[in-house]
Amino acid sequence: MTGLPVSTILLVTGFLLALIGLWGMLTHRNIMRIIICFTVFDTGLRLVMVATGYITAGTAPIIDRALTTAEAASRAIDPIPSALVVTAIVIGFAVTAVMLGFAIRLYAAKKTLSIDAFTESKW
Amino acid sequence: MLEFLLLLVCASILAAGVLAVCLKNLLAAMVAAGLASLFAAVSFLLLAAPDVAMAEAAIGSGLATFIFLYAIRKTGNGKDEAEKPEPKATGGRRVSAGKARGGA
Amino acid sequence: MMRHIVVALVVVLFGLIFARLIGSYVELSALRPLATQYVIEAPRDLGTPNIITGILITYRGFDTLGEVAVLFMVAASIGLLLKKDETKSTNAPTLAAKATGARRAAANTPAAKAAAARAASVAANRAASATPASAGTALAGAAASEADSAEAQAGEPSEIVRTGTDVLLPLIFTFGAYVIVNGHLSAGGGFQGGAIVASGAMLMLLARPGSRLNVALLSVIESFAGVLYVSLGIVGLIFAAGFLDPRFLPRGELGAFVSAGAIPLISALLGIKVGAELSVIIDRFRS
Amino acid sequence: MAEIIIQIAAVLIFFAILFAVIRLILGRTLVDRIVAIDALTVISLSLIALYAHVSGRFAYLDVALVYGLLSFLAVLAIARFLEKGL
């Protein structure tokens, strides 16, 4: 109906979301906002990675009554990007947690979250 | 029919991303980022990757939102911004700059 | 303004790179050779219906092990980052600042109680129960009892939340266990199930604000699961083809619950480890 | 018959997402936005169930279960945050 393949639509969406997150990350001065924009950026790149593994009219690579072993090779999607993205999601959460921990420490030290206030290591 | 739903979901992801970047209220921005993640999980399912959709819904959208809530509570920032009426709240940049001056 | 122009330039450059990538992309119509190999081999060789779990736990087992190590280090470093707040020497000046803030707010507003509550939310739990005048003297012995009473004042969860938690919590943990141990049959696995279990722990903390997770016990469980995980890998090295090879147990029938060699075992250990680590991270953020 | 019902369900989900997203973008207050997001999680749950039926894969329904659990939890956490009890 739309003419575009499913994965192309989601690839464009993912890249646009990553650009939005990048713009926000570079313009905001508040550390919490930078972290939020980082998660948006991360989500966009995950969309891109999963979209590159899609096969036209593919289905999930899980063998049950709906997908037999014989037809798996012709109907299943590429499982490698999916497996990598599961890893990437957990690591993204870990990175977000460390960033938030640093944000809390910085706030406790200076009572502000603006990156303009942290100038000790500037030269 | 499902193609239109897919396009709508993509538009919603982009709208949620723009809201997460632009909203003045820190809590609302955080919730909008969680919504972008939630719709991303739906589109992972439409890309036939249910494992990734499950991980994204549980971790990216659930646990990340929780620790963001705790961090906002600890930095005391969401509170200040949430209680302000909308017209009073200026951009995050100006608010933080003012605070920096006050702190210094 | 200069900054915005530079940022716009950077974003446009990234957009050009992305546009080139999109322009050269065509949707696949057949699997790549490596993926074909995995899709054909995994059910026959490992006996896992869910090929993604097979890749995560066996073919890319080292990645998963490294990822779990990263999670462990993150839990430890979060503890290091957020634990120091509790010691009094570093905390005394910040507490003084909070207390002065509370006093000022109380002086300005007629409704002293409401103002104290609002300032207390900024000053975390410590100064909340103390009256503004005595806040300064209470600083020296800023005590755990105060924190408790402050939490009690800060708004108890309602009856609906508590009852709903009692009803939902067993369901959530059961569902998490189901997702963990059915990782080789349908969508799910250690990471997803561990995240669901951690969400259940989160709900428990929400409904009972006074309670604490037993972090020491969770750390012991988590280390134990990690040791077992590595030793299962070494057993695979001895009795099967290589490290983390699950084929030292019988393969079983494709689609049965007890099948796929040691994959359900490894998945369960992974789920326990991830669930404990994520719960510890959440608890560190909470305290 | 079944196809007609699925078509109707798809149309209903389409308009539900559209209106909820409009409410989210306009959103007069913070609570409006949060309620819109809660509605959107429930709607996407139904979208997942519909897609599981259309594609004939019932393994997808597990994701809907995770959604149902998480939508409750996230809204509860935000509500507790707003009443300062987190």
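Descriptive notes on the structure:
All chains are identified by letter, namely A, B, C and D, in their written order; residue positions are counted from 1 within each chain.
Quick note on the criterion: a contact is a pair of C-beta atoms (placed from the backbone, for glycine too) under 8 Å apart; a residue touches a chain by one contact, two chains touch by 3 or more.
Not measured: the values here are computed from a predicted model.
Annotation: A-B is the more contact-rich of the chain pairs A-B and B-C, by number of C-beta pairs in contact. The mean-CA centres of chain A and chain B are about 13 angstrom from one another, to the nearest whole unit. Taking each chain's centre as the mean of its C-alpha atoms, chain B lies 18 Å from chain C. With centres taken as mean Cα positions, chain D sits 16 Å from chain B.
Annotation for chain C: residues touching 2 or more other chains are 50, 52, 121, 179, 186-189, 191-192, 196, 199, 202, 278, 281, 285. Multi-chain contact residues, meaning those touching two or more other chains, occur in chain B at positions 4, 46, 48-51, 53-55, 58-59, 62-63, 66-67, 70-74, 76. Residues of chain A in contact with at least two other chains: 6-7, 12, 23, 27, 53-54, 59-60, 62, 64, 82-83, 86, 89-90, 93, 97, 100, 104, 111. If touching chains are joined by edges, the resulting network of the protein chains shown connects every chain directly with every other.
Chain A makes touch with chain C in their complex at residues 5-8, 11-12, 15, 18-19, 22-23, 26-27, 52-56, 60-64, 69, 72-74, 76, 78-80, 82-83, 86-87, 89-91, 93-94, 97-98, 100-102, 104-105, 108, 111.
Those residues of chain D that touch chain C in the shared complex are 59-60, 62-63, 65-66, 69-70, 72-73, 76-77, 80, 83-86.
By the touch criterion stated above, chain A contacts chain D in their complex at residues 59-60, 62, 64, 66-67.
Interface of chain C with chain B (complex): residues 50, 52-53, 118, 121-122, 124, 179, 187-189, 191-192, 195-196, 198-199, 202, 278, 281-282, 285-286. Against chain A, the residues of chain B that register as touching in their complex are 3-4, 6-7, 10, 13-14, 17-18, 20-21, 26, 29-30, 33, 36-37, 40, 43-44, 46-52, 55-56, 59-60, 63-64, 67-68, 71-72, 74-77, 92-93, 95-97, 99-100, 103-104.
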